[in-house]
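One structure is given below, encoded as structure tokens.
We call the chains A, B, C, D, E and F, going by the order they appear; numbering starts again at 1 in every chain.
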Amino acid sequence: MIKGIGTTAIGESFEGYMLIKDVIKGVTSNGKPFLTLMLRDKTGEIEAKLWDTTKEDETVCVPEQIIKLAGEINQFRGKAQLKILSFRPSQPTDDVHVSDFVEKAPIEKEELTEKLTEAIFEMQNPTLQRLVRAFIRKYQEDLLVYPAATKNHHEYVSGLAHHIVSMLAIARELHKLYPEMNKDLLYAGIILHDLGKLKELSGIVTTSYTLEGKLLGHIPMMVEEIGLMAKDLQIEGEEVTILQHLILSHHGKAEWGSPKPPLVREAEVLHLIDLMDAKLNMMNRALSKVKPGEFTERMFAMDNRSFYKPIFEEK
Amino acid sequence: MIKGIGTTAIGESFEGYMLIKDVIKGVTSNGKPFLTLMLRDKTGEIEAKLWDTTKEDETVCVPEQIIKLAGEINQFRGKAQLKILSFRPSQPTDDVHVSDFVEKAPIEKEELTEKLTEAIFEMQNPTLQRLVRAFIRKYQEDLLVYPAATKNHHEYVSGLAHHIVSMLAIARELHKLYPEMNKDLLYAGIILHDLGKLKELSGIVTTSYTLEGKLLGHIPMMVEEIGLMAKDLQIEGEEVTILQHLILSHHGKAEWGSPKPPLVREAEVLHLIDLMDAKLNMMNRALSKVKPGEFTERMFAMDNRSFYKPIFEEK
Amino acid sequence: MIKGIGTTAIGESFEGYMLIKDVIKGVTSNGKPFLTLMLRDKTGEIEAKLWDTTKEDETVCVPEQIIKLAGEINQFRGKAQLKILSFRPSQPTDDVHVSDFVEKAPIEKEELTEKLTEAIFEMQNPTLQRLVRAFIRKYQEDLLVYPAATKNHHEYVSGLAHHIVSMLAIARELHKLYPEMNKDLLYAGIILHDLGKLKELSGIVTTSYTLEGKLLGHIPMMVEEIGLMAKDLQIEGEEVTILQHLILSHHGKAEWGSPKPPLVREAEVLHLIDLMDAKLNMMNRALSKVKPGEFTERMFAMDNRSFYKPIFEEK
Amino acid sequence: MIKGIGTTAIGESFEGYMLIKDVIKGVTSNGKPFLTLMLRDKTGEIEAKLWDTTKEDETVCVPEQIIKLAGEINQFRGKAQLKILSFRPSQPTDDVHVSDFVEKAPIEKEELTEKLTEAIFEMQNPTLQRLVRAFIRKYQEDLLVYPAATKNHHEYVSGLAHHIVSMLAIARELHKLYPEMNKDLLYAGIILHDLGKLKELSGIVTTSYTLEGKLLGHIPMMVEEIGLMAKDLQIEGEEVTILQHLILSHHGKAEWGSPKPPLVREAEVLHLIDLMDAKLNMMNRALSKVKPGEFTERMFAMDNRSFYKPIFEEK
Amino acid sequence: MIKGIGTTAIGESFEGYMLIKDVIKGVTSNGKPFLTLMLRDKTGEIEAKLWDTTKEDETVCVPEQIIKLAGEINQFRGKAQLKILSFRPSQPTDDVHVSDFVEKAPIEKEELTEKLTEAIFEMQNPTLQRLVRAFIRKYQEDLLVYPAATKNHHEYVSGLAHHIVSMLAIARELHKLYPEMNKDLLYAGIILHDLGKLKELSGIVTTSYTLEGKLLGHIPMMVEEIGLMAKDLQIEGEEVTILQHLILSHHGKAEWGSPKPPLVREAEVLHLIDLMDAKLNMMNRALSKVKPGEFTERMFAMDNRSFYKPIFEEK
Amino acid sequence: MIKGIGTTAIGESFEGYMLIKDVIKGVTSNGKPFLTLMLRDKTGEIEAKLWDTTKEDETVCVPEQIIKLAGEINQFRGKAQLKILSFRPSQPTDDVHVSDFVEKAPIEKEELTEKLTEAIFEMQNPTLQRLVRAFIRKYQEDLLVYPAATKNHHEYVSGLAHHIVSMLAIARELHKLYPEMNKDLLYAGIILHDLGKLKELSGIVTTSYTLEGKLLGHIPMMVEEIGLMAKDLQIEGEEVTILQHLILSHHGKAEWGSPKPPLVREAEVLHLIDLMDAKLNMMNRALSKVKPGEFTERMFAMDNRSFYKPIFEEK
């Protein structure tokens, strides 16, 4: 079995297939060309250097290309760096695919679909249910594969659906504890809150922002889409405005991208559940990489904090 | 000729027609009922007290009712206050109308229409021109009478159109000085930037916020409307996104209600022209009420500043 | 059955027993003495005026005294105000008690005790369990009756225990969804996080801050108490420090009173659950007082927002 | 004709005259001395490396020296870098001058002078006019060549005069649209607002801050100068104080260096026109360097934004 | 001996001479005129009401007038209020003077002069000494009587000189502990730092802001004055610039009115000593008014804090 | 006598003993291992490079090891860097000790002890004196050697005691000028305010933060310790709470780590004296390294300011 890059230590040599995520050309201070590659397999990412490159090397090494390489892992400025000694592009006979090299949600697409469907079944308000169903139909394919973000939390294949399904689970339990809440409104808000990202982000593997994403952002884009969809379905009434409000306000504050703060109870709760799931996703993944008694690396989206993993265990 | 309320001094008596803007019921510490009325005529506003009111008084005195009254102006906690001695509701034979009691833009509707039309004629980009024309057609009636806001700047009948027309004049001159700018885009942004207020605000005389206005706000509402209008007109392309961006970003900063800051030159200039015209409108009106050597009252929307009117004059 | 003050409309007369919460002496502009009383029964609070008071009135009307009164409800500056026409102090034969006049948690003390005990039984880490048990023993009596705060959320009898029990329920469900969390640590943090309030606040009915509360605050006081308790129980080890950290950081940010932000996963989650339960408590109670289609009063602790209650219902 | 540095691509060789703006000595990790030079010609700037330098090289290569060089352009860390292969200092017979190597305003000094004079002629208030004339006389020479800043906007030869002249043009048109404004005061404020920079900055080519500039800043220095000038001219009266106020407040806010915010209408307008011209100068120059469909580089003084250049054109 | 207003309790009657600081006319809700007077004697200030006033009363009761009155002290909205029963203006034969009614520094003018002179004698740098002497000569009279502010700290006759003298004492001791400091520079900065207030404030008894004070502020005004004075004395050199910097930066931050923060050691120390003396002056005076075990009233200039006076004493 | 590292210029060779403070392993871009060492002797610190290291080199070069080395000082990226040409670990016969290589307070331990003792003798309140004595006894050893911080101010051996003793001297003089202050309380606060650092920091030479330090911080840790100590000494009463308040609030603001701001006069003064001494320590040391007419390096803890050293001298 081939070892992964994430489990190879500094000082060891490495051999295997890797996916190119990004490429930057450079010249050394002596004027020699080289490439800096960002490579990944399922176990992690690494920066790699290919020295003394030829024109042909530059033609081969492009984003989303898979290469087979041999090299050794050094430390450069405190970080691991792979020095490529030899490589070739992958061939059809290698039977390796882009999907083999990207991180995925810990839950399969089928299960995510099932849980989404289940939640929609629970909904009883016909207007909200129709709107949600229409969006699920429209975006079914992308919704099941897109990440929830380019970085920070749920930034992996099916990350968006994973985020939605986790939030629905929290919402279901919270609704039992606080039955005053309108579960249908909360469910609809959760399912739709980040769908605008399907148009804000460019794709799954090497995700960037679309022009619309940069100039408008996923929140106003989704508010508009709900308006258009309601018009298409000939739905009118307060539900539409309030659902748009949930999307608009789910970042909680103007500074964070919501021109209106939550002004409906379920909007406030949507914001809190979103925070809760995103933060647990970030903390759990960072903590899984360190040993008890250690601190995680600093997490930008957690106010740049570094978390401690206690030594004592729950027994 | 009947003297106006704005030109009657403290200590004097007043007689004339006034429009009721707002009514609050109260009881004195001795348990006697009274009404606090906010009254206005074309020359200004005043708080009035009607003591020892009857049930009938309460039925007559409602917002948008015109009354004929006699009273005297006292000072209460540093502000002028009208004590109503006698009054009666206006009658058809009085030939007085709500429109006689509200402040209006210093330019007539006809001239505003003409200047708007002129600007649209100057536009050469067919996509932007079609979109602008379609909105002018849709909102023609309201656009010519709505205020630009409930308070602060251009808060009078036709205030919105007055604001747009002034901004267009600045834009025309700026474009001559900086011809790199896209005039069509700037004009389209100026004409549409605040049209969302026609749905955010409830009306002209006693203006308040609609539910949609409170939960979504005029900026996301207008972004959505442009999307819907473009779809109706079967317009596609970058112009639509960029025009939506101009609307979305025209408050300049997330904290001020724009989820994206201006990222297109004309968006930045739209924001600056909007500031320039709004601030000049506020300052000019406040300064027109004080004498040289005095300071104006504090203006909330100008960071609570009070402006000084110099004594020396431009000759 | 005697009607409550919270259900008597402006303009009606009222007769019944009420508890005095606060008393301020004043003189009218004519130099006549009067009392402003803050009164409450189980249905609500009201400001009351007792005009032309005698020395004897002032001796009788003191905080925590119950009086029987007759009066009428007027409106003064937009708020209901009770004008007392006659009153007498309650007598033993009236069989009325302070506890009859204060708001209580919607769950009985017995049930709260049971739920607390249940949670402690679930805990498996002996160190954390011993510490928690010791505190429950020490503060058993106060813990079951104190409010969680003087205002904003859970500001009623048994409010603190109610808050703890609700948070434990959220934690239990969250732990099922995110089993990586250390449940024992989270439970211990929830049960102890606000116990410092038992020394920060002066009591149950007319709650104010103690000198220690004003100069140190409940957070540092509780951190110290955990240290003292651990020493008494001869407990050492990381659990104590980390539990102190959970208490110290549970307000989330230095500006909000936590000198250290959460740096342990369960500390972050404790902070989020605390927010969630406090906010739902505030929103639910405010929304229960308005009708669909209306906005609640502004809530200071919710960033001064006013929440909308939608008209459509979950069916 | 000799090609410029700004139009030579990475990978090409370059030969020509360049001006040295800055020099930093260094040693390689092997202990060999080298020089990092910042070079410029009229078409742009580039960082250059001179490897294995001799003592003599260090004597020759000093700021404001012109050299003739041959080299090749590589890429280093994503930026172009010139590797110098050979060079010699320029000689009198080369007939090259410092002024040939620096960026200049797009308008000639003669035209700038004319436009300034024209504006002063328009002024009618004798006090303000005398003050302005006196300053123009005093600083005539420097005023026509200084940049408006060391970076960000109008940071080129005659940049300050160019900025003033553009602002005067905006002011002239604004005054037509808002004739309430005092044009003389506004003109005087515009002409003098940044003259303090002539003493705050050290010179034209390799501009840095003087000690006075660092410890006092151009705003208080100019306020003082107006006071001294008025005394010399035996001018007294409100005009002097108000003109000082315009200078003092033209950055708009205390945080931005104005101890008083604008408290006179023309002071507010001066601040807005300053912003408008500075921002258009920055945006226009950045956009001129990118193609339609691209974003500019991030601009620090525009809140670190990167602007988009639309594809569709004004036709 | 006549009792002072500051030592007369609520409920007691009062008779004596008082100085009118401020007068506001009002009408009661029944339309009767009355005056609200702010009165003071050496022991304190009180708000007073004169009911049912005549035209003559209004003529007599003007700021800086001394009246002899009889009245009684009531409580109104939690504050003491004097109800005037009878009064007459003071007459020459009463032999009472404005200076008898205003608070003064606890140190006599003679002693303040002596201490100032002493400090100047200690100075050894002739340039700084000459500048300081010139200012002392110019402002000698006002400097010894002006307050340091209109409110907050040292807001009494000779307050400015008292503040300077206290700061000099701290500086003398600090210089012994940290002899690296330049004592002359520090002394010069202390003596001049607030002299701009002599032109910013209108006078001693009923102090307000001058136009120059409002539009420029005491800091830029004093920086300018030092420049003018240096020119008059034909002094040049770094001392002048650095002394101007000390004045300019003594508020510590741009937000607090210093366009440059302290960039010279003695500038930083001047800022800290200014804070230290101002805060001790405020705290000591507030604490002198409460008993051990009590909190002072909230102090706006101390971040609205209320200070506790401990019960235990230093023995 | 051996020259120190702090007095050897760039370009010179250096030979002598140095202490290793920190070591980082690296590889060159060619894959060769090297060590970056942070070295110090009494005269200063320098970064050093040891190229082409062996396994043995890595074993020898560890923190707190003393080595004898020969090398030369180059400039790398604008900073001095030592290139090690040869080295060996120190031997017992070299008679060199860690204490020879670290910076120390300019006052000897004996004198610091004496001054501390003297201050305690001056105290008259028996409760405060007993508490202070108990802490001095408990921490005597560490207190005399610990630094006051890991960087910024008093970051040298005996730095904490030096800081305390300087603050006591300021307090003694301030108390003479403002005798209203409680000197005993102020002394107790000064002596104890930073003692929590003895448990927050790991040691003297290569100081880092303990887990308790990271999760709780020295302020809450010391508040707790005072509580424990008072309990041990069976001391009760307001002194304990107020002393805890002084410690808790001595950073002045919540954002700076004090959950309560100073609410007792002596707490405010403690905060100001702490600032005063820390800032003078930082400024004096930075200014001692530059020549008149120069600016110091930027100081992070002084808001990143760079201070100017004037040319003129106090004579």
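By our rule, contacts are C-beta pairs under 8 Å (C-beta built on N, C-alpha and C of every residue); 3 or more make two chains touch, one makes a residue touch a chain.
Since the model is a prediction, treat every value here as computed from it, not as a measurement.
Visitor: Could you find the chain whose CA centre sits the greatest distance from that of chain F?
Guide: B
Visitor: Measuring centre to centre with CA averages, how many angstrom lie between chain A and chain C?
Guide: Centre separation, chain A to chain C: 41 Å.
Visitor: With chain centres defined as C-alpha means, what is the inter-centre distance between chain B and chain E in Å?
Guide: 44
Visitor: Find every residue in chain B that makes contact with two or more other chains and list them.
Guide: In chain B, the residues touching two or more other chains are 211, 214-215, 238, 242, 263-264, 295, 308.
Visitor: Write out all the pairs of touching chains, ordered by chain label.
Guide: Applying the touch criterion to every chain pair yields A-B, A-C, A-D, A-F, B-C, B-D, B-E, C-E, C-F, D-E, D-F, E-F.
Visitor: Where on chain E is chain D touching in the complex?
Guide: 211-212, 214-217, 219-220, 223-224, 227-228, 231, 238, 241-242, 244-245, 248, 254-260, 263-264
Visitor: So in the complex, the part of chain A that touches chain C is made up of which residues?
Guide: Going by the criterion above, the answer is residues 124-125, 127, 166, 169-170, 173-174, 177-178, 180-185, 237-239, 242, 261-265, 268-269, 272, 275-276, 279-280, 283-284, 287-288, 295, 302-303, 305-308, 310-315.
Visitor: Enumerate the contact residues on chain D facing chain A in the complex.
Guide: Residues in contact with chain A: 28, 49, 72, 74-78, 83, 295, 308.
Visitor: Please give the residue numbers of chain F that touch chain A in the complex, ascending.
Guide: 24-27, 29, 31, 211, 214-215
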